[in-house]
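Some structures are shown below for you to check.
In the two complexes that follow, subunit A is the common piece, with subunit B as its partner first and subunit C second.
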Partner chain A sequence: MTRYVARRLAFAGLLVVCVSSASFLLARLAPGDFFTESIAAGGNPEALARARARFGLDKSIAAHYRDWLASAVRFDFGDSMLYDRPVRGLIAERAANTAVLAVTALALATAIGLPLGVFAGSRRGGLLPGAIRAASLLLLSMPPLLTSLLLVFIAARTGWFPIAGMRSASAAPSGVTLDLIRHLVVPSLAIGLPLAAMLERLQAQAMSDVIGEPFVLAALARGVPRRRVVWRDALKAALRPIAGVYGLIVGTVLSGSFAVEVITAWPGLGALMLQALRARDVYLVAGCAAAGALFLAVGTLASDLALALVDPRASEGAAAAEAA
Partner chain B sequence: MSHEHACLHAKSSSAGSLAHSFDRPTFWPVSQLSTRLRSRTSISITLLALLALVASTGCGSTPQPEHAAPAAHNPTRGGEIVTSIRSEPQTFNRHSGRDTSTNLVALLTQARLVRINQATQQLEPALAESWTTSADGLTVTMALRRGVVFSDGQPFTSADVVFSFAVAYDPKSASQLADSIQALGKNLTVAAVDDHTVTIAFPVPFAPGLRILDVLPILPRHKLEAAAKAGTFAKAWGLTTPLEEMAGLGPFVLSNYQPGQRLIFSRNPHYYGKAADGTELPYLDRIVVEVIPDQNAEVLRLESGQLDMMTSEISLDAYAPLKRAADQGRLTLLDLGVSPNADALWFNLKPGAFAGDPRAAWIQRDELRRAISLAVDRKAIADTVFLGAGVPVFGAETPGNTQWYWTATPETPHDPAAARQLLASIGLTDRNGDGMLEDARNAPVRFTLITQKGRPNYERAAAIVREDLKKIGVAVDVAALDVSQVIDAFYTKQKYDAVIYNAIKTDIDPGTNPDFWFSSGSAHVWNLRQKTPATDWEKRIDELMARQIASRDEGERHQLYDEVQKIFAEHLPMIYFVAPRVYVAHSTRVLNVTPAVARPQLLWRPDTVAAVH
Partner chain C sequence: MTRRLGVALIAVAVAGALMAPLLAPHPDDVRFAGLLNAPPTFPHIVADDGSWHAPFIYPWRLVSRLEQRYEQDRGRRVALVWLQSAAGPKGPALQDAAETRRLVRSSDEASAPLLLLGADSFGRDVFSRLLYGARISLSLAAAAALGATLVGGLVGALAGFAGGATDDVLMRATDFFMVLPAMYVALALRAVLPLVLSARQIFLLLAAIFAVVGAPFIARGVRAIVRSERALEYAIAAEALGASAPRLLVRHLLPAARGFVAVQVMLLVPAFIVAEATLSYVGLGFPDPVASWGTMLHDASTNIRVFADFPWLLSPAAAMFLVVFGLNLLLQGGDRSPKGSRSSGARSAKASRSFTLG
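Take a look at the complex of A and B:
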């Protein structure tokens, strides 16, 4: 198991290096750079030449990449051209905001999707399971971009929730948490509802498979109450497939929901990455990509470990594969 | 010269009411959701309610906001407004950042010697209370306001003025403003006569004169001299600088910066400005600037009352919902008139750019550009691209620049037949009967038009140009690229056929844009930085503009510039099609704004803006 974890961690490190390197190189390879627009806007050519040199943009791509990589291994990702401050600090700041949003959205998705999935999957036919299925399919067919626009629209028309941002300018110190929760509603629902629909569909499918298993029928035949059989015995067995994909979901959400963060002005990693890409801020692009990859790797690893705990066969399989 | 174009079209909706919703109750807490999940019936109700909610809002049932009629329309001290920017400032140092957000920070927190009244285009005193000009027009003696102190309480003197110029001109500062405060590429000489008097000497006769100083913030020497001496001025006042280390002479101080979220500006208690009735300015206690990257969210927040104004014009797509809100009395929508800037199409006119290319025989010809001007339906662009809110443009200036627009600019009709004739005159005819033109070598008449992707104005205009030129037999391949790729192509590498982009002029006075007009200029985009003028007409423009910039006679300056515009219209190095109208909106609780076409349209004079409070 220890070797398995070590290998996964090494893989995570490799993933981060590959993703950030690819981002760095792609950002450098495209024509123009961060300062191109300033030149056309009438920027002082000498000042811009000095700025280019300061950020290494006057070097060849190979030399620039080599220097950046040498710094990056020491966790120095350079200074952002956009903000003129170290990328590391910026990323840490924004990643924390993304984590708050992602964890809330995941909690919401799990709290909504799993119970509805169990309910819908344990029933054959009926109006309510049908309605749940229809709602899930509707939500699944809507990309988060559309969901967030719709929710922002509703929030704007009703005034129930703040449309954008993470905190109010006028929030009293005593009401900071409540203020944060109010700001979380729109973006977390925008990310969480499609995820809830996905979890509901997966859980319903798994539950409907398990509900016909002999051990469930036997329990019911022995007179164990249906609710107990469904929510205790069948659910435990039906959780395995969900746990298998949960890691990917965790990683994807944590690595940033660009559209939602931009539309709801959530100051997270996704919005920062988009800004960096638009501005061609090479260091910031690479830093954001590294953070995203790290989230993905850690999320997947955590999920795999959780799966191993839920289902020992998973870790045995991994160990066997490793031995082979 | 009096000039009031910015206000001519302004209109106000009926006096409305306050639609502020920060404190609205939250009635769908997350905890309720889990409670409801306990019963099957509740699940159905929750889902149905959600769907019904979506349906009802989609149908446009708008709950009425909590109205609170303004108590009075006279501006008084107090209150705050909430506005927005699309991206954070790159720095708090105006010398190091050219972006609009950095400019806004400088506008709110710093003051200048003189200010251009963006509504009238007249020069106004600011930190310089008055000034006199020498007989030869080369030296200006400025009397500075007395008793003015920085926001940290330190007195303002002529030493701060001298320092501000010195730091801008110091190559180590890498100032983005250095070029803007030069006269024909040469530095001004600034000297302190005493603590409250400075002289500014122009190296050459320069008609725009003090207008160019509108961009230069007067900085606190006591705060920044050490950085300037150490050669670290370019990095001074970055985003991580503690806010108390900064000081300014502007109406506000930056009191809170929440990265990625907002900037809060509070009243500068030491600000020098006073209203006509003696009230100490600024009126507002606070300006909150929210960072909202998405324009749709920005408009929705404005519409719902969570924003009081934006710092830029509204996009034409947002006009309809904001008009509805204005009709309901929740917003004031203003038509500020025609923009002095318009998008343009230009060809690569650099000599030799098409060497070895068979198209060299015709692609740089005046006739081709004139034919394009005839073939493109400007009204279609106004209707399609600007949703009817645009006016046709035929020359270098738009009617929005009422001071310098040549009123006799010939209007090119939409005449595809005349365009075809013009092309035939340079040997471009349909030789194989396929409806498309071929040149003398029987090669198709075809060029690539690059533009910036993600900018609907450019992309839609490029599509119309392609369709209209196809009708006269000219094939156009439109390539929408990232902004840096577009600029790289036409500016850095100068390898392109044609481009649709916007060469924005820094000020309406043509004398402040020598880089655009002179053939040697770095913004002479169709053929950059020429050693000697490539054409006779460019040589003539160089001569006329040199005289125009040097002349102290306003009448003569206009006459000369009219001639420049005439030459431009004849040779069309840039083909302008349509200039948009500029619309802005603000909540009805905002008072005393003086709208102007230039950004930030409602906040260029932040000290006099007030709010119902």
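Take a look at the complex of A and C:
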């Protein structure tokens, strides 16, 4: 188990380093730099050269990368050209916003998807399970881009929920949390609903597989109430495939949150990444990528560990497979 | 039943795209300056006085320029004309009209055009743009899926056939790629390339990027299939009979991966459609006058209020949903594998894959 954890940790570290390095180099290799687009037209050449030198854009790519890497290992990611402030603080702020959104969406998806999946998967037929299945199939065909457009449309028509941003300026100090929750509704549902549909389908499938197992039949035959068998024993056995999927979901949530953040003007990592890429803000691009990779690494790590706890075979199997 | 519905949805979308010049009443870039954000004009056959007529429309009359509110001019019936070739410029708005036979148009194009799905904020016909946009969105997704199949098939075949170090390196690389959120990879690759390009260049560029992003999903499966097939008797027999490596691969091993590749393509195509829409939405897709489903959504959302008041601007989103839904139904209907742990594994992979790009 310790070896397994160490292995996964090493992979997580590698992921962060590779992704941030690759984005730094990509942004540096891109045609043009931050200053060709912005003030170049009117600025005098001397000031421009000074500004470039300040951000290291006058160095060769190799030297620039080496210097950046050296300071990045000390958690100094340079200054953003776009915002003219250290990347670290900026990223921490935006990453926290994305984390709030992602965690809420994941919680919503789990709270909606899992129980419905258990319910739909433990019945053979019937109207309600059929309706749940149909709703899931419809939602599965709606990526977050579409759900967020639809929800924004509904919210704008009805005026029930705010459609953009994270806070309203007019909110009373006492109502800040409530204000945040109201702003969270549209974006978190936009990410959470398709996820809920996916979890429901997976859980239903796993559930209907488990329901056919002899141990369920044995429990029922011995007179254990059906409800208890389904929600306790069968559910426990059916959680394994779901736990495995949570690792993949982190990537899905990040991908989905990009479209949602842009559409609902949520001040998160995705929207920042887009801005940084378009402006050729090299340090900010690399910082965003590092933060995103860290999210991903932590998410996969957590799900791997959860899987290993639910099912010890997972870590042994993985270790054996890697040793072979 | 589900399968048939899926086939029908896809067929409608593809037919609409292929026959866009015939079905669309207008070219995709014609602007009706007096009809910005005008609502749809529904064809009627019964007039207000109860009399019956050949299909006609009531033209829109501007009520408030500021709010872009229109009301129907019930006093005037504008007949529809069928299968008439568009006879060149009629008014200033129609300067660019292409000479082609149109299935149906209004008899008074300049002042009362047929707008089946309303007009966008530039006064362009949304229905026509939807059809022309389908050409770009669908063909881009198809081209990218083809590219991903070729690249992924090549990498997978190489890894599975060569084995050893080649296999290790290639598969580690694909594993790494698959962990990354595909949308961000596509975004990063697109954003670091020149931002202003022609429509043709953007098409090729996006197809190439999507192909690269989608290839690992194909490569992994093809590699596994090639590896396991290679150990089977028929492959050994073919090799013993002197079949060369390329022949063995192309004639014998790769055909075994057909089913897998078909399923993957059906997963990749909707992901690519959505990816194009997302990139175009954020302004990294096709340039302005070009209609794609993504650029239409981009135009619709320059101001959130716009599509709240003018819901027909969201029709590309509906079209996208129907195509993705159709492909999903096709997958569901085609999935006749017996229940069991293996099939549920495959299904979970499918379900989790289906919108990693979105």
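Simple rule for what comes next: the second predicted complex is superposed on the first by the 302 of 324 C-alpha atoms of A that agree within 3 Å, B and C clash if a C-alpha of one lies under 4 Å from a C-alpha of the other, contacts with A are read in each partner's own complex, and residues count from 1 in each chain.
Following the convention adopted for this analysis, a contact is a pair of C-beta atoms (placed from the backbone, for glycine too) under 8 Å apart; a residue touches a chain by one contact, two chains touch by 3 or more.
All values reported here derive from a predicted model rather than from experimental measurement.
Overlap between subunit B and subunit C is detected when the two structures are superposed via subunit A.
Within the superposed three-chain model, A:Gln205 lies in touch with subunit C and out of touch with subunit B [touch as defined at top]. Contacts of A:Leu274 after superposition: both subunit B and subunit C are touched. Look at A:Gly78: by the touch rule set out above, it reaches neither subunit B nor subunit C.
By the touch criterion defined above, A:Ala51 lies against subunit B but remains apart from subunit C after alignment on the C-alpha atoms of chain A.
Of the two partner chains, neither subunit B nor subunit C is touched by A:Gly192.
Touch counts on subunit A: comparing subunit C and subunit B, the chain ahead is B.
By the touch criterion defined above, A:Gly165 reaches subunit B but does not reach subunit C.
Of the two partner chains placed by the overlay, subunit B and subunit C both lie in contact with A:Ala30.
Residue contacts after overlaying the shared chain place A:Thr252 against subunit C, while subunit B stays out of touching range. Once the two complexes are overlaid on the shared chain, A:Ile132 sits against subunit B while remaining clear of subunit C. Within the superposed arrangement, the part of subunit B that overlaps subunit C, taken from 134-142, 242-250 or 296-304, is 296-304. Once both structures are placed on chain A, subunit A residues 30-31, 149-150, 152-153, 156-157, 163-164, 262-263, 274 are touched by subunit B and, in the other complex, by subunit C. Listing the residues of subunit C that touch subunit A in their complex gives 176, 179-184, 187-189, 191-195, 270, 274, 277-278, 281-282, 284, 297, 301, 304-305, 307-308, 311, 314, 317, 320-321, 324-325, 328-329, 332, 339-341, 344-345, 347-348, 351-352, 354-358. Considering their complex, residues 21-22, 24, 26-30, 33-34, 37, 40, 43-44, 47-48, 50-51, 53-54, 57, 61-63, 65, 82, 87-88, 90-91, 96, 98, 171, 174-176, 178-180, 234-235, 238-240, 258-262, 264, 288, 290-294, 296-297, 300-301, 303-306, 482-485, 487-489, 491-492, 504, 506, 515, 522-523 of subunit B touch subunit A. Across the complex, subunit B is touched by residues 30-34, 36-47, 50-51, 82-85, 89-90, 93-94, 97, 108, 111-112, 115-116, 119, 127-128, 131-132, 135, 149-150, 152-170, 181-182, 185, 262-265, 267-268, 271-272, 274-275, 280 of subunit A. Listed in rising order, the residues of subunit A touching subunit C in the complex are 15, 18-19, 23, 26-27, 29-31, 137-138, 140-146, 149-150, 152-153, 156-157, 163-164, 194, 198, 201-202, 205-206, 208-209, 212, 241, 244-245, 248-249, 251-252, 254-256, 258-259, 262-263, 270, 273-274, 277-278, 285, 289, 292, 296, 300.
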